[in-house]
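Before anything else, here's the structure in question.
Per-chain residue numbering starts at 1, and chain names A, B and C are given in the order in which the chains are listed.
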Amino acid sequence: MKLPRPYTVKEISEILGTTFEGSGEQLITGINEIHQVEKGDLTFVDHPKYYDRVFFSSASAVIINTKPEDSMGKALLFSDDPFRDYNLFVNQFLNFTKSNVAISPSAIIGKGTIIQPNVFIGDNVIIGENCTIHSNVSIYHNCEIGNDVVIHSNTVIGADAFYYKRKTDGYHKLLSGGRVIIHNYVEIGANCTIDRGVSGNTTIGEGTKLDNLIQIGHDTIIGRNCLFASQVGVAGCVIIEDDVILWGQVGVQKDLTIGKGAILLGQSGVSKSLEGGKSYFGSPAVESREKMKEIAYLKQIPTLIKLLTEKL
Amino acid sequence: MKLPRPYTVKEISEILGTTFEGSGEQLITGINEIHQVEKGDLTFVDHPKYYDRVFFSSASAVIINTKPEDSMGKALLFSDDPFRDYNLFVNQFLNFTKSNVAISPSAIIGKGTIIQPNVFIGDNVIIGENCTIHSNVSIYHNCEIGNDVVIHSNTVIGADAFYYKRKTDGYHKLLSGGRVIIHNYVEIGANCTIDRGVSGNTTIGEGTKLDNLIQIGHDTIIGRNCLFASQVGVAGCVIIEDDVILWGQVGVQKDLTIGKGAILLGQSGVSKSLEGGKSYFGSPAVESREKMKEIAYLKQIPTLIKLLTEKL
Amino acid sequence: MKLPRPYTVKEISEILGTTFEGSGEQLITGINEIHQVEKGDLTFVDHPKYYDRVFFSSASAVIINTKPEDSMGKALLFSDDPFRDYNLFVNQFLNFTKSNVAISPSAIIGKGTIIQPNVFIGDNVIIGENCTIHSNVSIYHNCEIGNDVVIHSNTVIGADAFYYKRKTDGYHKLLSGGRVIIHNYVEIGANCTIDRGVSGNTTIGEGTKLDNLIQIGHDTIIGRNCLFASQVGVAGCVIIEDDVILWGQVGVQKDLTIGKGAILLGQSGVSKSLEGGKSYFGSPAVESREKMKEIAYLKQIPTLIKLLTEKL
């Protein structure tokens, strides 16, 4: 997420009550967790496994629980609990408040857009022109919807990311500072859930069509003209390129990429990145023709056993 | 869908601005896409793969992009884009409009029926007697619900079919002129989605019980006394006969038939029509006892490998 | 469910119009179906398969359709249709009635709790302090929610159990007299469904976190600090112990136990009880390393076939 104004590293260290190393005058313009960082961003890291990923990232400053040998030029803010202090800083910019009305007066709704009864539209939501938002849809604060978008009944746009850190006393939640961005000509079915980003934005590209009961996780980026059938579930931090087709009940794990034009047959489970332009099937998903061969081979096992029993 | 009054082929050709062949006086009483056509219907076809299916169907008139050798006695309306012109004609009979109230004044609700708070009921909906419609349910225009039906909270009845045609500039939507028909004594769980037909009606037979989070696609016809457990997904144009049981998370592909009394075990994936009276399992689903054998055989592969390594 | 006051066996026999055997003065303090019975409870049984289970249970009285040789000291109420008569008795204590307002005046809502627009809260619901109930959530009558709980939009708490008995004229429903109990620090995502117990309570333990589109069946008991990813489905009468992780689209069959700390990988199907502390995968689920071996072995079948064809 972009900050409402740039903060210096020194200012942030004062807000968090931490010491820092590096230029105190360095300007920080955004906050993002490690999957999404850009130049100017503050991020956090609390596990040696991820130190390198952070130091080699584009982040400009890092809340960290150790003093590394080489921080690769990044400003460091030292904390005994970087997760907690990152949340503390994010929390200043979250503007979720109790709504007293179903459609926030700060929401902007374009001309020609139809809002059906019992819709909830949170603070600072922007909806473009000629959209139809069907009954009982919920759109959380700050989300942004383009033109000519259709959202069917009871779909939820912008609920919090499912992102927790296990501590000794239970799970602690990473606050969701990001948004959902839906581009023009998207259609979303009924009873879908599109979570907001924890720091970046969950994005659905122009012309993409989603059927009913679909889950899209936080910070996931979906390209243009994709087609997802009913009950597809996509985890967080996934990149789905243009023209991808996911058939019914496909599940996609977090933090991977599905290439342009890939097709996943029904009930497939995607556990690693997949090249574009091919058809996949199975859980875990492999190329469809490989899976079909596997299914055919499986049917030959009884014959193999018979052969072996007779011949050996 | 039935037309509000019969149209002659000539009238339709004038509305669409097309030429035609065959009797201009032929009366057209309905419009349906190819899965659902009856005598008196207008349909459309734009791909050689489906020409024969259309010519051998019961349709009385066809919007088509070629001049065939033999149209089997059907009236033909010639169009460079039959999909677009079919949509153009359907669009005249769709009566979705912005609702200013949550329960449309044109809806008919039978005596003894309880409508809980925050329910949306669209134009011309008919609900029978002694039903309970729980909070936050959405029922789109024109849907029809029998007597003694229970619909649990946040379920959506009658959202648009997920039916698109890929063109060079993205996906174009086939407009949904059909309805949802729910017969007596049906119970539908919470957060389900039952899509309307594109031209025919999505139908749920008497006494059928649906658990939560279930998807039923457009134009699908479900028989009497079926039982579907939670998170089942049924695609469009499926026929499910009486007394079928689908256990949790079963997925059913489009345009197939499941015979009377068939049982599908949990998480099965149905990719072709299945005979009634049998139990099935797996993705793709096969007879349960075959699948169980397959699972047992699979466990013998290590022994086979060992045997082969030793003996050969 | 606990009865509002104790009833004697004689009183119950008079309400139901049945004869009885055993002490008419025996006090009955609760009603429960066989999965949940405690001392003082009335239950029912109508199939020889379950007679022993009932006689060896803690129940104090049984509605039954036969006269057994030994009732193990339980009071018996004789009925030609125990299911019907059990429902008849339960029905006296159900207090679902039409709501005229979205938030029942009999609901108790703790201080600091935010209720967003379009939420439905039924009769006698109790919600603790510092909760956030997002827009379009539905909470049925009698459910109880602790402190610091977050429920995201369009989730449904307390819809009826999916519990039917097949009779010659179709499915008859077992009435749901139980509730949903959600403990402190639970977070539930958007568009989830948590069904009420048929006689006991569906329970979600302290600190457990649920993602979106999750189904939890009737009378299921979930421990503390569990983590369920999106589209998980858990059937009725399941016990899930503390610290269990279910990844996306996992399905769990009814009436089984998952031990403390077990992890189920995405899309797994649980068909029998699983020991704690281990990782499982597949449908049906087996230990992950077994499944991984199976997948590796499967890839060797072509080589086996080649070997055999050459050598035998």
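Assume a residue touches a chain if its C-beta (ideal position, glycine included) is under 8 Å from a C-beta of that chain, and two chains touch if they have at least 3 such contacts.
Since the structure is predicted, the reported quantities are computational estimates derived from the model, not experimental observations.
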Exercise. Chains still linked by touching once subunit B is gone?
Worked result: one piece
Problem set entry | Shared interface numbering between subunit B and subunit A [over half = same, under half = different] | different
Seminar exercise, completed: Whole-angstrom distance, CA centroid of subunit A to CA centroid of subunit B, is 32
For this session: At least two other chains touched by the same residue of subunit A: list those residues.
Result: 118, 136, 154, 191, 213, 231, 249, 267, 283, 298, 301, 304, 308
Seminar exercise, completed: Within their complex, subunit C touches subunit B through residues 98-102, 118, 120, 136, 138, 140, 154-156, 159-160, 162, 164, 170-171, 173, 191-193, 195, 213, 215, 217, 231, 233, 235, 249, 251, 253, 267, 269, 271, 283-284, 293-294, 297-298, 300-301, 304, 307-308, 311
Exercise. What residues on subunit C touch subunit A, complex-wise?
Worked result: 114, 116-118, 134-136, 150, 152-154, 185, 187, 189-191, 206-207, 209, 211-213, 224-225, 227, 229-231, 248-249, 266-267, 283, 295, 298-299, 301-302, 304-305, 308, 312
